[in-house]
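Structures incoming, each one as structure tokens.
Both complexes shown next keep chain A, but they swap its partner, so chain B is in the first and chain C is in the second.
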Partner chain A sequence: MKTRDYILFAILLAVAAAFPFMGVPRYIIASALLLFCYATVVSQWNLVFGVAGIFSLAQLAIFAFGAYTSALMGRYLDWSLWPTFPVAGAAGVVFSIFIGLACLRMRGIYVALLTLAISQTMFVLIQTDSDCSALNKVINPATCVSFTGGAQGLGDFGTFGWREVLGGRNWMMGDYYTMLGLLIVALVFTAAMTQSRIGLAFKALRDNEELATSRGVSVFKYQLIVFAASAFLTSMAGAFYAAHFGSVGSNLVGFALLLFLISMLVVGGIGRLWGPLLGAGLLMVADEFFKEFSDLRNIGLGVVVLLFMIFLPEGVAGAIESVCKRLQRIPLVQRIEQQLAERLRRRSAAPD
Partner chain B sequence: MVSGESTPLLACRNIFKYFGALVAVNDFDLDVHVGDVVGIGGPNGAGKTTFLDVISGINPATSGEIKLQGRDISKLRPDLICHRGMARTFQLNAGFDSLTIRENVLIGSAFGLGDRGVPAVTFSRAMRERVDRALELCRLTERADAVARDVPVLERKLLMLASAVATEPKLLLVDEPVGGLNPHEVDDVMEIVDGLAAEGMTIILIEHVMRFLLQISSRVVIMHHGEKIYEGDTEGLLSDRRVVEVYLGEGTADRLQHMLADRAGANG
Partner chain C sequence: MNFFIQIIVSGLTFGAMYALAAVGLALVWGAFNMLNMAHGIIMTLGAYFVLVWAELFGLPLWFAGPFAFLAGGIVGAIIYFISAHWMLTQKNFEVTIIIATFGLGMALEAGLMKLLRELFQAAPYAQPLSLGADSFLVGDVPVSYQRLIIWAVAVALIVLVALFLTRTTMGRAIRATAQNRDAARLMGVKVKRVYVIVLALASGLAGVAGIMLSSFKDVVPLMGQTPMLKAFIVIVLAGLGNMTGALYAALLIGMVEAAVKVLVADKWGFLAMLVVVVIAIIWRPAGLFGKHQIARQ
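Here is the complex of A and B:
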């Protein structure tokens, strides 16, 4: 991380904090909030996919796992949702570690296949969870209602509760800042993780696994660490999603959302610090245009991913970086940069 | 060797490595003592690299006993073998391509000496000092901030060596350190490896460039079809009929003999 990254982060933070007061329509606030939620998931996914180089597609399964953990606890145990969030996070970590263990001896495309299968299994399990199935007769013999809500989804388990605190007009603000808080934690966490010693082990395994193990890096240990570390906030994001909408459904682990989030990852720039945020932002805006076309939306996203893979494999973040590097080679830019640095130095050296 | 009576640093007994019906390493024994520089030569496909893969745990032996400092390592994972004090380089120019040279070496330094429990978030001072030392020994200090993907072949080889050196190995395995380099670069690498030996590192190296192998090794082993056909000093090697027949050829043997004689003359 360089100084310019910190500055950019501070600016974005200020803009995001002031955004609801800029008189934007409510549905844009709602979209921004969803953007924060997705960006959180994508940033954690980037840790697994981009930094550790493991082609896991399980991130949405973990997201849905968190959402359902929180929703089910709210519904059946009558918990307020706030205390369910850390529980959902922890449950997601355990779930993710199991997935990590299952993938331990696989590489590349096989990890993608297995994790996709896990997501699809989860999708089908929820979809086919109908009233009075054998399972529900055991869990809920008296009323025999569907445990997960099945294809209809599950509601009636509570929300963040900002409506009671802030009133009917401003509750969205509460949700907005809660989600923003989660995203900030996620971005700081991933940046710190990537710079840390653990992050170096991830990158070593990504770049050359054989060499990494020969230098003392344990595949077993760091693969489990990355699956565990990336799951907590992903699962929390799921729980926050559930708390915001007040309902969950099998679409959380469906193909459309998977494609949408993977597009964010690819468009933003896999493995890049700013990739997830850029990707989430661009795709959310683009989606506004795609929305009209319903069925064509997924095809459109597919084409976007394809084009990026071929022409901009480093994503927008990578493209910006290489443009900056090229600019720095221009003598005029170099001179300006030197003068700026000089001026800064003089100012900080001067007594005030 | 004076240290011949003590426990060898590395003791290999009856090593076999099969790939299906193919015997890549056939009943191979080797003792390496502290301070040795053992050069392994032999024709392509003789099983030299496979032997390094076997002892470094990358591709475990089918059977046989491998002891490092008297402790069995034949069933250990490569990362644990590295923690015990054995580090290797690879024939292909392996590196962590997206990272800088310094980060590449830092990986060896941060994880190569042991890595129990959940690692700390930051890098200790000792780790950074090991990196500086390894970069210096391998003459990469000035290039530390270059990205591995972009550096030329000599630096890639040195980078791999430096990341191994940063694990502070008791035994360093070097696989073809000068393959593909020009004569000038070969001399540079020779000086560097000599420097490492002078630091007290025990070294096993594989090389096809016989000039390099003979000048740097205190003992030479020649492999053929997975078996050891010669083990001994360099003078004996050049007059060994089987080695000359199988590997060197008369012309090369003569040329190397002259080279060694010249060198002995220059030194004497």
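Here is the complex of A and C:
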């Protein structure tokens, strides 16, 4: 990370913090906070897929696992949702470690197929869960639903509770800043993780596994670390999602959402620092613009993913990077850069 | 005894359908390390092809099968030319092609849904190319004639594919490409033509598998997704690219699914398969029938 990354981060942070006070309509705030939620998931996914190079498609399963953990605890144990968030995060970590263990001896494509099958298993189990659950009979005997709510989804487990604190007009602000907080934690966490020794080990294993293992980097250890580390915030994001909408459903592990998140990852740039944020931002803005053509949404997303994979597999972040590199080769730009660096050095060297 | 026969009968049926879908996937992976995530939508298209053929155009039903194979093949070739053809030189082709075909498959699926909403009113349709519930008894278990047809067609198609691969020049070219792409190219094999043909063949088989699937459950737009994932599980179990292995693994997975369905409940079938595969892979990382160590990234 360079100075310009920190500056960019600070600017974005200021804009995001001031955003609700700029007089934008409420539904825009709602999609912005959804953006934060997805960007959190994609940033964690980027850690697994982009940085560690493990092609896992289970990120959504972990996301849904967190959402359901929170929802089920809120509904059946009558907990307020706030204490369920860390529990959901921890449950997601355990779940993810199991997935990591299951695909420990697999490489590349095998991991993708197995993790996809795991997500689909979850989808099928939720969809087909239709037996009336005894726990629900206690809550509402008239409309008995199954334990996970099945194909209809599950509601009635509470929300963040900002409505009681901030009132009916401003509760969205509460949700907005909660989600923003999560995203900030996620971005700082991924950046720190990528820079750390652990992150270096991930990259070493991704780029050349034989060499890395021969230098003493353990696949077993680091694969479990990356699965565990990326799961906590993903699962929390799921729980936050549930708390914002007040309902969860099997669509959380469905192919449509997987396509949406994968397109964020691909458009932003797999393995790039700014990729997830850039991708999530671009996709959400595009989604907002093309709202009228919502029945063409998946066609558009699918084609975008295809085109990016063919022409720009590095994503927008990768493209910007290579444009910058090409710019630096122009003599004039080089001279200006040198002068700026010179001036900076002189200023910092000068006594106060 | 009865439930034993029941498991065998329905296991063989599942196995036959998964085999058709999985052998194609294994063939394509063997030829050029491509996993086609649009495989499921081709199954769906195969099922709808018969529907359109019979209901909309009123053409004779018995020709529908071969033409569905042909239609699947054409879609497969189109998929090659709009995705894989441009990506062959990418350095992690195996990963990028999965994402690309996933996007393509989702786009096709959404397109199909939109089209269908205008062509047909309600979503689920009965597969016209089905003998219905007529059956004969084995012990006390009714076995429908439909199952007999499915077994016969699956065996016939797989024998045809085997003959094609072992007895024709093109088949030899395909096997050569699978063994060593560069050597095959040096021997004058036009590998890109091999890729197209292999993908078309696999997609044709998927189209027929789709008809079979829809003759048990109705024709619905999302019907291909779960069977495709099951076919993926099959080829992972067999070891990627191993065609005979895929055949055995398909039967095994079909039996597991049938056993769970008969003895426990339908909905645990998928989970049971997953558990079988995970245990098998921990035991033998290169798949049950894989000869080599884990495929290099």
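The rule we apply is simple: the second predicted complex is superposed on the first by the 323 of 352 C-alpha atoms of A that agree within 3 Å, B and C clash if a C-alpha of one lies under 4 Å from a C-alpha of the other, contacts with A are read in each partner's own complex, and residues count from 1 in each chain.
Please note the rule applied: a contact is a pair of C-beta atoms (placed from the backbone, for glycine too) under 8 Å apart; a residue touches a chain by one contact, two chains touch by 3 or more.
Everything numeric here is computed off the predicted structure, so don't read it as measured data.
Chemist: Which of the two partners, first being chain B and second being chain C, lies in contact with A:N298: first, second, both, or neither?
Modeler: A:N298 sits against chain C, while chain B stays out of touch.
Chemist: Hey, is it chain B or chain C that touches more of chain A?
Modeler: C
Chemist: Once the structures are superposed on A, label A:G216 by its partner contacts, choosing first (chain B), second (chain C), both or neither.
Modeler: first
Chemist: Between chain B (first) and chain C (second), which does A:E288 come into contact with in this model arrangement: first, second, both, or neither?
Modeler: Neither partner.
Chemist: One more residue to check, A:A192. First (chain B), second (chain C), both or neither?
Modeler: first
Chemist: Output check: A:D5 vs chain B and chain C. Expected answer is one of first, second, both, neither. What do you get?
Modeler: Neither partner.
Chemist: Could you look at A:D156 and tell me whether it touches chain B, chain C, both or neither (first, second, both, neither)?
Modeler: Neither chain B nor chain C is touched by A:D156.
Chemist: Applying the touch criterion given at the start, work out whether A:E342 contacts chain B, chain C, both or neither, answering first, second, both or neither.
Modeler: Once the two structures are laid over each other on A, A:E342 reaches no partner at all.
Chemist: After the superposition on A, what does A:E164 contact: first (chain B), second (chain C), both or neither?
Modeler: Neither: A:E164 stays clear of chain B and chain C.
Chemist: Between chain B and chain C, which residues of chain A are contacted by each of them?
Modeler: The answer is that chain A has no such residue.
Chemist: So in the complex, the part of chain B that touches chain A is made up of which residues?
Modeler: 56, 58, 77-79, 82-83, 87-88, 90, 94-99, 103, 106-108, 110-115, 118-123, 160, 163-164, 167
Chemist: Quick one: in the complex, what on chain A touches chain B?
Modeler: Answer in residue numbers: 192, 196-198, 200-201, 203-204, 206-208, 210-219, 221, 225.
Chemist: Can you list the residues on chain C that touch chain A in the complex?
Modeler: 35, 82-83, 86-87, 90, 94-111, 114, 225-226, 229, 232-233, 235-236, 240, 266-267, 270-271, 273-274, 277-278, 281-282, 285, 294-297
Chemist: Report the residues of chain A in contact with chain C in the complex, numbered from low to high.
Modeler: On the chain A side, the touching residues are 53, 55, 102, 104-110, 112-114, 116-118, 120-121, 124-125, 128-129, 209, 255-256, 259, 262-263, 266, 295-306, 309-310, 313.
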